[in-house]
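First chain A sits with chain B, and in the next complex the same chain sits with chain C.
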Partner chain A sequence: MRRSVSIAVLAVTLLVGIRAPGARPGNVVASGQEKPSTMEVKIDNFSFGPAALTVPVGTTVTWTNRDDIPHTVVSTDDPKAFKSKVLDTDEKFSFTFSKAGTYPYFCSIHPKMTGKVVVQ
Partner chain B sequence: MFEARKKDEILHDHNHDGVDRRGFLKCMAWAGTGAFCVMQGGVLKSYSLSRLSEMDPKEAIGELSFVQISDSHMGFNKPANPDVAGTLQVAVDKINGLSAAPEFMLHTGDVSHLAKPEEFDTVDQILKSAKPKDVFYVPGEHDVLNDDGKQFLERYGKGSQGAGWYSFEKKGVHFIGLVNVMNLKAGGLGTLGHDQLEWLEDDVKHLKSSTPIVVFAHIPLWSVYPEWGWGTEDSAQALAYLKKFGSVTVLNGHIHQTMQKVEGNVTFHTAASTAFPQPQPGKADSPGPLKVPAEQLRNILGITDVNYVQGKHALAVVDSSLA
Partner chain C sequence: MHPFDIKAVLLAKHAQHVVLIHFPIALFIVGVAFDFLAQGNKRRLWTAAAYCNLFVAALATIPVLITGILAWQWQLDGQRLKGILLMHLVLGCTSSLLIWTVWLIHRRTRRQPDAVLPGYRLPLEAVAVVIVALTGHLGGFLSGVNGPG
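Presenting the complex of A and B:
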């Protein structure tokens, strides 16, 4: 089951990867910048991957739960910079980082799961 | 039993593991878990419901007996167990098959998988068919996902304190239900918190040291495997308040496998899940659901049963599985 899901994800990734360079005529927002404006964090085996992510200001980060068990993505700052609802298998959460800084976060259900996003 | 399944035609083998849903359910007919707990001579003994056939009937008789079930995760539907309602029902059937009906049941949390009202409803419906009518609950982290446990408290926490902790007496045994799944901190373990610890200190202050104590909570109150969060930050403080007692039994769930440890006057015990097993500490990349062949699942899921005999002074917990 997991293997077939992984293959499907890989296939989609490859397709996107092949198409992306020449097939983004509508992408005018990022013009003048080579850096992507979206980043992915995968939740696998009770861990965030990558656990530490560095992105430019304005980047939207999307977390995807690929575990059989629900997880959350919750800022550890006070007040919390972001807090997802509970993500069941294959559910996603996105947050756009509009200010520079370091944003530590964790899974509030499994607090041993921690990660951070560094926004520059 | 499993031999019979092999003869059946596999109709839908979505997982390519040679077991279709019908076959899975057939194998699972033996599953369903929990523990039968008997107090004998102040010693709490716990038997996995799957191994009751091996038990001497005399062993099942004590002054007090109850059943512990745990981690029913109603709503879970992944390959590790696509029918958690079915396995919970099997656990109830096992409980109803006990020669001496237990007085009550403890559910040590993760009643639901996603804290949805319909998940709790399903569990309530299934447990209604159990002979023991009283069920005492403590929440697991899955039961308090979206509302800090408000719904769980409304359903199961009548008369409880704070986030849902409480105590009660049964035949001279003092039972304490603790909550260690709230306000979890990044990088940390389960937490009881200051308010609950204060309440606990006060709750046991007036008790004689000869009173048998049974503490139940979701996350283990001993350090099973902190790397996976299998422990409680401030459990040492809680146990310090119980030092004067000659017989303390701690019943937990959360780790979906049975484990026991004796430390001085305290016996620690974790119950299996009625839903799906989890790997042994450190034996996998993560504590995610363990996928085992359906014919093995019945050996892994369980119920804990406790029996107490008044007048003597020890407690023991023994486990057995549901095969």
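Presenting the complex of A and C:
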């Protein structure tokens, strides 16, 4: 009986873990326990992937242009927290987020392309 | 976006350039088509229509060039261009130059009552249409009309 209860508790814990907020595609969360130092955002087919990224303070985010045409990564805030040069195919841009906050950004060549980094 | 921010209104995240560019492209191609028709049937009306289209096409290149250069300076901070962006800039300037050249040829002939349009203008116009189409194709590729952007 106790063994069955233990298995049930373990199963529920696993299910809750899988369905945790932020686990869905498009909103990637780097948990505090993992503490990744770098995260990657791919630019492809006129979109940032993942479009929303949650990272701990001190994380370096690297954007890589996998598209056939040039893109930029520009912070929407004023003054701009970060601004890349024009990235051709396979070129990268990195920025280290040292302060907590929400950092929306866009591609200045294609303003419909937007994304955000949430730093916790 | 503030409604009275001149920079925002004129640039609107460089959307103006993308809109305005259609005018010189359409007017020039139609003007050339009229000129080719005029060459075939020798009717003065077609020549006049070609002249008017070419004239407005040449005028329309001015705001297009201005908004394109402003987009480069404001959106990309005037950074050194390369690849498709550089090709688009060079071809855009070449297209504008060719449109003005073609119009000036027509204008010079028009100011002299007995003058006839030179035959070399037709291959020049054909080349100009190809360059304009190529520039437009690159512009469309850059703006993402072929993708979800």
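Heads up, the rule we're going with is that the second predicted complex is superposed on the first by the 87 of 120 C-alpha atoms of A that agree within 3 Å, B and C clash if a C-alpha of one lies under 4 Å from a C-alpha of the other, contacts with A are read in each partner's own complex, and residues count from 1 in each chain.
Throughout what follows, a contact is a pair of C-beta atoms (placed from the backbone, for glycine too) under 8 Å apart; a residue touches a chain by one contact, two chains touch by 3 or more.
Given the structure is predicted, the values throughout are model-derived calculations rather than measurements.
Trainee: When the two structures are superposed on chain A, do chain B and chain C clash or fit side by side?
Mentor: When both complexes are placed onto chain A, chain B and chain C end up clashing with one another.
Trainee: What is the contact status of A:104 with respect to chain B (first) and chain C (second): first, second, both, or neither?
Mentor: Only chain B is touched by A:104; chain C is not.
Trainee: After the superposition on A, what does A:86 contact: first (chain B), second (chain C), both or neither?
Mentor: Both partners.
Trainee: Per the overlay, which chain contacts more chain A residues, chain B or chain C?
Mentor: Counting residues of chain A touched by each partner, the higher count goes to B.
Trainee: Quick check on the superposed pair: does A:46 touch chain B, chain C, both, or neither? Answer first, second, both or neither.
Mentor: In the superposition, A:46 touches chain B and chain C alike.
Trainee: Does chain B (first) or chain C (second) touch A:69, or do both, or does neither?
Mentor: In the superposition, A:69 touches chain B and chain C alike.
Trainee: Just checking: does A:114 make contact with chain B only, chain C only, both, or neither of them? Give me first, second, both or neither.
Mentor: first
Trainee: Name the stretch of chain B, from among 3-11, 21-29, 201-209 or 219-227, that runs into chain C once the two structures are superposed.
Mentor: Only one listed stretch clashes with chain C, namely 219-227.
Trainee: Which residues would you name on chain A as touching chain B in one complex and chain C in the other?
Mentor: 45-47, 69-70, 72, 85-86, 88, 108-112
Trainee: Can you check the complex and tell me which residues of chain C touch chain A?
Mentor: So the residues of chain C touching chain A come out as 13-15, 75-77, 79, 81-85, 141-144, 147-149.
Trainee: What part of chain B is in contact with chain A in the complex they form?
Mentor: 14-15, 78-80, 113-115, 141-142, 145-146, 184-189, 227-229, 285-289
Trainee: Residues of chain A touching chain B in their complex?
Mentor: It comes out as residues 1, 45-47, 67-70, 72, 76, 85-86, 88-89, 104-106, 108-112, 114.
Trainee: Quick one: in the complex, what on chain A touches chain C?
Mentor: For this pair, the touching residues of chain A are 45-47, 69-70, 72, 83, 85-86, 88, 108-113.
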